[in-house]
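Before I ask anything, let me first share the structure, which is written out below as structure tokens.
Letters are used for the chains, namely A, B, C and D, taken in the order the chains are written, and counting of residues starts over at 1 for each.
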């Protein structure tokens, strides 16, 4: 965290993220059940795993939007722009592949 | 599935996928515990969710490799190239964002 | 190239790729002209560069489909599956970010 | 652009983007020359096109960093946070695939 100030995730966004992550977890458990079947088809697994990744992307989209709105857009007011921008660029770099 | 032939996910890859997905599920539960804390920081959530997505990408990388080796590379032998190629291209299109 | 056999890009796909790449080059030149303007807005640049990347993705989608159809789906017939699969997985890994 | 205020791309970043885009254009011309060869191999095309996309991603990384630092981090000072955040989230959504 770039400052001593307390930067917290917005409460509503946090609740929404929890709801979405619980749903993603249920989806993941469904994929695990699929994989108990010896005759499972590869492409069905690929699609379901990508669907879980898509759900996780929705979580991150919400968290990212809240972060930019609440912490990045106010950085010049607080005076920690440099740290907050570097941190955000770093976070945007991680990218799921395949 | 493009053919009447039974195309199954390779048994070892399936076991590996199960192991990795269980680990990803544990990671996801960790993120949910993080989110119980009202003072959680956005960027920490972003990073952890991306780490879970990365773990899921590893699952898909293994499944994709097995699929290409066992089912795509043998398509001309079976005579279902057109269907299997279209299906693969479709599966590769889904892409997690943010 | 994994074999001594000659694996060439399909002629029609090659022509289509040339056409699309020329168009992408024209688009890129347009972005360069945009950037001659001192008052250019960042987000307009981001969008245009992403549009060029999208055009390049279309090129790769065509080339990838032809490669999988003509060279990967026939690998078991030729007997070079292992090499061709490793090569494809490697090529799929490179992924543009941001 | 979300405000009446003039938001311009930083001059140094603009010059760097021009330099990188000219280099990407040269690379693209190289791919076009590759494609004049009838015996060009698909995977070589895929790799070169992805390399160009990677170069374009570097351009966007620089432009994005400058935009966040100069325009997003100062949004609360100007009072246009809502517009600037929506615009940024929209720009981040476009994502090259394959």
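We take it that a contact is a pair of C-beta atoms (placed from the backbone, for glycine too) under 8 Å apart; a residue touches a chain by one contact, two chains touch by 3 or more.
Being a predicted model, the structure only gives us computed values, none of them experimental.
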Same-interface partner of C-D, chosen from the options B-C, A-D or A-B, over half of the pairs matching: A-B
Result of counting contacting C-beta pairs for A-D and A-B, higher pair: A-B
Separation of subunit A from subunit C, taking each centre as the mean of its C-alpha atoms, in whole Å: 28
Centroid distance [mean C-alpha coordinates] between subunit D and subunit A, Å: 23
Centre-of-Cα separation between subunit B and subunit A, whole angstrom: 17
Sequence positions of subunit C contacting 2 or more other chains: 61, 64, 88, 92, 95, 97-98
Subunit A residues within the subunit D interface of the complex: 61, 64-65, 68-69, 72-77, 81-82, 84-85, 88-89, 92
Residue ranges of subunit D touching subunit C (in the complex, touch as defined): 1, 6-9, 11, 14, 17-18, 21-22, 24-25, 28-29, 31-32, 35-36, 38-43, 45-47, 49-54, 56-57, 59-61, 63-64, 66-67, 70-71, 87-88, 91, 94-98
